[in-house]
């Protein structure tokens, strides 16, 4: 077989003329030798390529979630789940990619460090878009408006536009709210006869409240108050990210994840926690790397990269309110049995 | 070929009768079903097996370092380096091993959690021995004496015994002190004529001090004071882990690592930073895991595992003073040329 | 808080007296120094610990599959899926664990190699049990009966016992056969009017046969014959592992995986391929490692470990017939639309 | 601080306008929906970026090796070692990157597969350049000239040009030849009195030959012939990659790696084996991936990618002759003691 003149050619398809000719060394321009600047550029470009892919996947997920309804029998939720799994796999690689940057020693970095000022990874628009699309709002960012001052107006605007769109966190909240387990599933009727009901309190929750109390150790009793605020009294949570309804439904999914309808839902909620875990692990390893390469000096952008990352590490968890729901689980063997009609609705058609 | 009656048999050699019969489930004793307790036990046993190996390697390293002298031409330092590399590889696996524990969901853990009280990973004697052998002293531990209260006297004593032995950090400090670069290498004579020397100040350092100043950005000027305190005036450092002499020699190795004598030395110093990085990454991922599995509840030991780990994460860096030396590097192209005689001493015999 | 005299103590619970006192060095007995023998022992013990866990998980999966029926609305299939995912995670670690063994250099291994004869990893009963439980039958093993000659009778018997139990492959085949998509789902009726039907040929398949042909490149036309033998004529396949019914249903799941009922089923089939991938990757890295450590010499067991592993690598794929189904997929956009009644049966109850 | 108008801006420096605008989907041009084509493009682009970096590092290594002499006291060999370590780290990432591609299911690939014909990863010029720069010659390639027929003339020429340059394997061979351990180190004189010397046989080797024989098991006796052909009689080896002198010196380094001069040399030889290991692991995982995604179909380039990769996996080992040297090691405790003068030359200057 000979190379066909027609058809697609690998290098053209991948536009390698662009990709492989986008590395101009500042050290070369300055007439200095700095072998490792190539690594510095290529590594950051690889990050940006993957950020593009991550944004592409998350955008497609947001579009699916923005539909008025995600029918349980459509493939949409499966698609969401599958694509978010892929994002997780990519983030795992991005953490691993730090291994490569760590092969650059401090002395090698000094060869070209000052030539890059004031450019900084801080100016990665795409990374901030990823954070915003997942649900990090500007007021929750460490430094709040600081990063905008470092960006060109069009780039700051691009980030702001994403911040105005409903994020994955918000859309997940809405999706959780739409699940009407308690409203119309007969839960009330099942419990009403059996328990003395506080006025205004759904008996499922008063029942559950009691079971939860029984499963606590002595030094965990403070959690009862939290439980009441979170699931019974609809008081604002410390985070305020999930609505009262969404919180309840998310906990419900975690508890009854063994029902078919919840298999994928539960895996999805776990994936959200993976997002936070991978993003924070990336920040953590990034801190360690920066520490090793520049010590107590400042980053090329002028700020102490390490301190910023440290603050971001502590503050930028997005799905922590979902993680916190774990606090309120009880032993599976104590779970209230669901009414038959609800059980049926959580499963497949049976002839 | 038939199975020889003589000779060694795989299962006997590995004492699998012990290893594979050391898993008794508390849930079984209590007549409850808790499938994941086996995973819980096996994972912790795998950790303890590897801790044994880590201790075995570090102990052999300490023994080599405890010799009055490590001759540059003996294989000892290479052996130290090789074994510490192995420890790093093992620690990387231990971080990865958390992936397995994370396959245990919160609900599955609740099945047997309360049966284990008050046992806790906190009571891992071997882990504390690893920390102590590397250089973590009791007063630097978060909670200081707390952990001792959780251990049997003989176990607390075992840890204390290691704390009294010279640690890897201390032995590294001594080893660094023994390198007499400045004392007898003619460095003084080389610089004396060329620079106006402050009284009592070694001209190499005043020279270097100036070069370092030139390589700083405006907002890094505060580092000059640090430099003076660290390398010129012998004032106590914030950490106080490396002596004045050791600090100077370690920086010298980092600067002149291109000379043959320093190749392995430099790799060794980098390995120490890897130790901190792997231990802290392990703590970090551990925190995330604990957070996911028990949320805001307490660990089986009664304390909030997450808070302890968080405090340990921030405080238990052992080789941070070596990491901080990075702050004081200058561009390789500006490095003072070493006197010929010293250059010779840093290399191989040349006929 | 003080250490309670009652309750469980970490070290007792984990039976560390057994685990940490099961390392006796042959080199020590022989009065020789061989530092790395400890690593050799501990690494193999860690492998055996994890094999125990893998067997524990697979056994629980087999038990669930051995039930006469796995009701789609029971949690059983989800449990199977979850536990097999865990096995995958463990196998990933076991591959990574080779990194540690590779820190042992050839020269270090020679220090104690001859003392271990004729023991060999070949004698790992548990590893052979894992292979058998997944579906590797003795006649398919490279060397067939050879390994039995290396084992004590009771160990050979233990493996044989597992070989006689229905394996994961066989139980998966049965589970696939029980899915009655074509028998009673109206597929026949839907297609019958539209296509001229060969005698005895289900119209869904003749329809699909045509579509598949359209999606093939010229040089793939040979696959049409395969298709006919696999899915239409019920001729024996080269592997003969999946029955005619099971093959059809597995392909059906792959094609229509977007329907809720198939979400987990499809993930499960993918996991089976992961099993083969991880086992073969382990064998492959094992070969490379053996090659590096003993070169062309023989293993401690007397055979050339490398050649055995190489033959096993090529022959011991268990789920390759499922992997091969990929060959017969067509573009999603060309998939025949399923009859409404069947669509309904593949989804959740909708009120 | 406000964004400076002067200075370097992150996005400009990385030329993100090129990098992030180089993804045109064929499916989009064809008016079809194929979500995963973006992943396909980005993943391949990330590979090509890293290949560029790998070539950059290897090229710099070749340049250093092409010097007439690498002085033991120059930093060059350390630089070579450091950069090749980095290549290893990058290759490890490239293996891991397959995880991402595996998130593309067969059905998703079919959405756009036929649109790409006849482009193929086979046409990656850079990958072939990497292979050639390491030492893979065209006649040793599976398929020999086949791949050239798939490339544009300028691309085939680029590969050929690298094939004509001395490869890392050849330069390593020359570097090994330059080490004059046996010629002028008094080895001959040390052994001459002690052993009855065969005519023309260096007594070090006859001595070693005997020791090696003693360390062999019965079924390894055939290796003695190999030893004679490899190290004593200078007969062509099966591979013919290392010259007689180079083989001897490489074995010598492996045996006496505990001497300072050999620390880095030994690590370097190990790194070469890592190259083969990572490249072959990449091929192996690639095979598995291709198998899962296209089964028995053909790749987009028209050939059966899997078969090509399989053949390449078996044939494309480059440094296997170095790996094979392991076969000829003897116990460290039996090693002939080197003459004092040679010992001195393998170490540092001692005052």
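A, B, C and D label the chains in the order they appear, each numbered from 1.
Simple rule for what comes next: a contact is a pair of C-beta atoms (placed from the backbone, for glycine too) under 8 Å apart; a residue touches a chain by one contact, two chains touch by 3 or more.
The model shown is predicted, which means the values in this text are computed figures rather than measured ones.
By the document's definition of touch, common neighbours of subunit C and subunit D comprise A, B. Most remote from subunit B, judged by the distance between CA-atom centroids, is C.
Two chain pairs, A-C and B-C, are compared here, and B-C has more C-beta pairs in contact (counted per touch definition above). Centre to centre, using the average C-alpha position, subunit A and subunit C are separated by 32 Å. Centre-to-centre spacing of subunit B and subunit C amounts to 39 Å, using the average Cα coordinate of each chain.
Chain contacts: subunit A has residues 117, 257, 302 touching two or more partner chains. Listed in rising order, the residues of subunit C touching subunit B in the complex are 1-4, 7-16, 18-24, 26, 35, 38-39, 41-42, 44-46, 48-50, 52-53, 56, 60, 82, 85-86, 89-90, 92-93, 96-97, 99-100, 103, 115-126, 149-152, 155, 302-303. For subunit D in complex with subunit C, the touching residues are 32, 105-107, 110-111, 114, 117, 215-217, 219-220, 223, 226, 254-255, 257, 270, 273, 277, 280-281, 284-285, 288, 291-298, 302, 323-333.
Interface of subunit C with subunit A (complex): residues 72-73, 75, 78-79, 257-261, 263-264, 343-345, 347-351.
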